[in-house]
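In what follows, chain A forms one complex with chain B and a second complex with chain C.
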Partner chain A sequence: MLDQLFMYLSFPFVRYALIVGVLIALCSSLLGVTLVLKRYSFIGDGLSHVAFGSLAIATVLNVTNKMLIVLPLTIAFAILILRKGKNAKIKGDAAIAMLSVGALAFGYMIMNLFPSSSNVAGDVCSTLFGSTSILTLTQEDVWISGILSIIVIGIFILFYNRIFAVTFDEDFANAVGTKANAYNLLIATVIAVIIVLAMNLVGSLLISALVIFPALSAMSILKSFRSVTIFSAISSTICALLGILISILAGTPVGSTIVTVDVILFGICYLIGKIRG
Partner chain B sequence: MKKLNILLLLLTVTFLGCGKSEQAADTAVESASVESTVTQTEDAPQEEEQIDEATQVEADSSVDLDLTALSSTMVYSEVFNMMMDPESYEGKSIKMDGNCSIYTDEVTGETYYACIVQDATQCCSQGLEFVLDENEYSAEDYPAEGEEIVIKGTFSAYTEGEYMYITIKDSVLE
Partner chain C sequence: MAVLKAKDLAVGYESQAVLDNINFEINSGDYFCIVGENGSGKSTLMKTMLGLISPVSGEISFAEGLEKNEIGYLPQQSDVQRDFPASVYEIVLSGCQNGLGKRFFYSKEQKALALDNIKKMGIEKLKSRCYRELSGGQQQRVLLARALCATKKALLLDEPVAGLDPQVTEEMYELIKQLNDDGMTIIMISHDLVNVQNYATKIFDVNSMKVTTIKADKEGK
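And then the complex of A and B:
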C-alpha cells in the first residue's frame, strides 16, 4: 500500500489536492469555532448553496473565471446574513434556510433551462458532493486557493483577540471600543471566501461538516477558546489529509470520505469527553 | 511579533510546497461525443507528468501510463487531466479499462468508440476515444456497447473540423 501511495504522490494533481485540501480544512476549522459559538453552524450550508446558485449563473453566462461572479455574490450574501448580528429582523437560522433552499433551487433550475454541458446532472452532482473536484485543480486554482487561504489564516491570527471578543459578547466588545459591526463584516467576508474554496474539497452539501465537526470535536474535550481553536485546526487538517489519501487509495468519493473521517474523530472525542466527565 | 513569525512560517511552508512555477497556456479541448461522456472546455496549464515507473505497483511496465493499476478516483482524475492537458500526454502509451461506448455521428455517419470510466459516486463519466490497430483488427472486432474492455494504445490528438479531439490510436484489446 505504501508503494501505491508513493506512486500516487508522483502525480502533480494529487500533490495539488493535498496542499489545497489541507489549507482549506485549516481555514474552515479556524472560523468554525466562531460560527459554532455564535450559533451559525449552518451558515456553511446556506452560503454554499448561494455559491452553487452563483456558479450556475456564471456557467450559464459562460464566464471563463467563475470566481469573478461566485466570490462577490457569496460575500454579499454572507454580509447580509451575518452583519446585522443579533439585531437582524429575520434571525440567523431563518435567514440561512431562506437563502439556502432558494439559491439551490434557483441554481439547479437555470442550469437545466440553459444547459452548458451534455451532462448537467453529473456536473451538479459533482459540485454538490465534490467527488473528485479537488483532484482536478489546475495550477492556477492551486495558487488562488493558496493565496486566499494564507490571507484568511493571516486575518484570523492578526485579529484573534477581537474575533474572540465579538464571538462571546458583542455588546461588551462595543462597550470597550471594539467595532463589533466591522468585525462581523470581516468574519462574514472571510467565511464566504472559505465556503467558495471549500466547495472544491467536499462539495456544496458537505461544507458544513468541515466547519462544524472539528469545532465540536475540540469542544468535547477542551474548554478554553485558544485550545479549542488549536485542536480544531490540527484535527481538521489531519482528517482532510487522511480523507484524501484514503479516497485515492480506496477509490471512494473525496468529499464524503473526509467527512466520514471527521465524524469518526468526533465520535472518539465525544467518548473521551464523556469518560473524563 | 509572535503573530508575524507564525505568518511568515506559514507563507514559507505554502510557497515551498507549491513546487516550481510553470507557464500557463490556453487550451480548448473537446472530446469525441459519446453517449455518457462529460464535455469539458476550460483553460489548462502545460505541465509535465511525472510517472515513476519503478514505483508502480502491479502496473504494466510495457506502457507509460497504466490506468488499470489506479483506483477509480485516481483514474477519473487522471483522465480528466488528460483531457485538460493533452499536450503532456501526446505520444505516450496508455493502458486503461472501462466500458465501451459507441456513438454514431448522424451527419457524417462516422462511428466512434470510447472507453468510459466513472467517478466514485457513479454520477460522472470521463472517456477516451480509441481506434483499434488497423493491421490487427477489422470493423467486426470492435466491442459491443457496454462491454467491459481493456485497451492499450498511444495517446494522440487530432483535428476534425474546427475542434481538437483526443484518442488512443493503434489500440489493442486485452
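And then the complex of A and C:
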C-alpha cells in the first residue's frame, strides 16, 4: 500500500493536487467560526447551490475558464443575500432556501437542455459531489485554486482583529466607528471565493461540511477565539490530507472521503467536550 | 460644557417615530440617566445617540471635540455572545478597535491598556477564561472593561444591571460611580428608579420628556 502511495506521489500533478487540496481545506475552515456564530451557516449552503447554477451556465456557454463566470456570480449573490438577510430573519431563511433550490433546478435543467458532453449525469454528479478524484483537476485549476487560497488566508490574517470584533458584537463595532457593514461585505466576498474554491475539491453539495465541521469541532473543546481558529485550521488541513490519501489508495470519491474524516473528528471532539463538561 | 445635545429630536425605525420632541443637554462629567418602562424607546434613543440608526427628525450633536471614536458603549447582551468562544482578554482588547486606524494589529500600548482595564474592573483572575462560562455580573464587567478601552470621555450604558442580583447590582453601580468620579461622562438607560436617584446627576424621563437635575445627592454619596 505504501509503495502504491509513493508511486502516486512521484507524479508532480499528484503532489500539486495534494497541496491545493490542503490549502483549500485550510482557508475554508478559517471563516467557519464566523459563519457558525453569525448564524450564516445556511448562507454558505445557499451559495454553494448558486455556484452550481453558475457552473452550469459556464459549462453551457463553453468558456475556457469557468471560474471567470462562477466567481463573480457567486460573489454577487453572497452580497445580495447578506444585504437582504439581515433585517428579516425568517424571511431571509426562506429567501435563501428559494434561491438555493431555484439555482439547483435551473442549473440541472440547462445542463440537460444544452448538454456539453454525452455524459450529462456524470457531469452533474461531479459538480455536486466533486471530482471522483482530485487528480482530474487541470493544471490551470490547480494554479488558480492555489493563488486564491493564499489570498484568502492573507486577508484573514490581516483582518483577523476586525473580523473578530464584527463577529462578536456588531453594534459595539459600529458604535465606536468601525464600519461593520464594510467588513460584513468583505466576509461575504471571502465566503463566496471559498465556496467556489471548495467546489473543486468536494463538489457543491458538500462544501458546507468543509466550512462548518472544523469550526464546530474546535468550538466544542476550546475556549478562546484564537485557539478555536488555529485548531480549525490545523484539523481541517489534517482531515483533508488524510481524506485525499485514503481516496487515492482506496479509490473512494475524494469529497465524501474528506467530509467523512471531518465528521469522525467532530464526533470525537464533541465527546471530549461532553466528558469534560 | 455640553458634550451631547438633542434638539427637537424624534427617534424610531423607518421614519416611524417611537419618541419625539426630545430636548436635552449632557455636560461633561454628568451622570445622565434615561428612565422609562420597557418598550418605551430608551434603547432606540441610545442607538440614535450612537449613530447606529439615524434620527427621524430633529438633530443630535456631539459637541466640543468628542469624536465618534472616543465613545464607549455597553450594549445589552445578544444571543450570539452567549455561545461565543472567546477569552476575556480577547474581548476586552477588541475595545481598542477604534484606535487601530489603518493598522491591522493591536500595538503594545493597546494591549497594556486592555490589561489595565481588566485590572480596574477586578477581573484579572478571569483573564484567560472563556466568556460564555462567566456569571452575568462577570460578563458585564468584561463588557465594561471593553467599553473603557474605547473611551476616556463618555460611556453609554444600556441597562447595565439587567438580570443581575441585588449584591452584584450594587457593585456594578459602585464601579460606574467610580468612573464618573474620575471624570467620565456617564449616559445610562435604566428602569431601576431607586438606585438611579442615588447615583445620577440628571434624570431624563421618556414619559414626561423632562430632565430632572439632582445635585444635592451627589455630594452626599
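To be clear about the criterion, the second predicted complex is superposed on the first by the 267 of 277 C-alpha atoms of A that agree within 3 Å, B and C clash if a C-alpha of one lies under 4 Å from a C-alpha of the other, contacts with A are read in each partner's own complex, and residues count from 1 in each chain.
Methods note: contacts are C-beta pairs under 8 Å (C-beta built on N, C-alpha and C of every residue); 3 or more make two chains touch, one makes a residue touch a chain.
All values reported here derive from a predicted model rather than from experimental measurement.
Chemist: So if we stack both complexes on chain A, do chain B and chain C clash, or do they fit?
Modeler: fit
Chemist: Give one of first, second, both or neither to describe whether A:F11 is in contact with chain B, with chain C, with both, or with none.
Modeler: Only chain B; A:F11 stays clear of chain C.
Chemist: With both complexes overlaid on chain A, does A:I151 touch chain B (first), chain C (second), both or neither?
Modeler: neither
Chemist: On the A-aligned overlay, A:L68 touches which partner chain: chain B = first, chain C = second, or both, or neither?
Modeler: Neither chain B nor chain C is touched by A:L68.
Chemist: Counting only touches as set out at the top, which of chain B and chain C does A:D171 meet: first, second, both, neither?
Modeler: second
Chemist: Could you look at A:V228 and tell me whether it touches chain B, chain C, both or neither (first, second, both, neither)?
Modeler: Only chain C; A:V228 stays clear of chain B.
Chemist: In the combined three-chain arrangement, what's the angle at chain A toward chain B and chain C (CA centres, steps of 10°)?
Modeler: Given the fit on chain A C-alpha atoms, the answer is 170 degrees.
Chemist: Which touches a greater number of chain A residues, chain B or chain C?
Modeler: Between chain B and chain C, the winner on chain A residue contacts is B.
Chemist: Would you give the minimum C-alpha distance from chain B to chain C, in Å, for the three-chain superposition?
Modeler: Least C-alpha distance after superposition: 8 Å.
Chemist: Same chain A residues contacting chain B and chain C, which ones?
Modeler: In the superposed arrangement, which is not itself an observed complex, chain A uses residues 158, 160 for both chain B and chain C.
Chemist: Quick one: which bits of chain C touch chain A in the complex? Just the residue numbers, please.
Modeler: 47, 50-52, 68-69, 71-73, 75, 78, 80-81, 83-87, 90-91, 94-95, 97-98, 100, 104-106, 128-130, 133, 146-147, 150, 156
Chemist: What does chain A use to touch chain B in their complex?
Modeler: These residues of chain A touch chain B: 3-4, 6-8, 10-15, 19, 23, 64, 117-119, 121-123, 125-126, 129, 131-132, 135-136, 138-140, 142-143, 146, 149-150, 153-154, 157-158, 160, 247-254.
Chemist: Please give the residue numbers of chain A that touch chain C in the complex, ascending.
Modeler: So the residues of chain A in touch with chain C come to 33, 37-39, 158-162, 164-165, 167-169, 171-178, 218-219, 222-226, 228.
Chemist: Of all residues in chain B, which touch chain A in the complex?
Modeler: 3, 6-7, 10-11, 14-15, 17-19, 22, 24, 33, 36-40, 42-45, 47, 49-52, 55-57, 59, 69-74, 76-78, 80-81, 84, 119-121, 123-125
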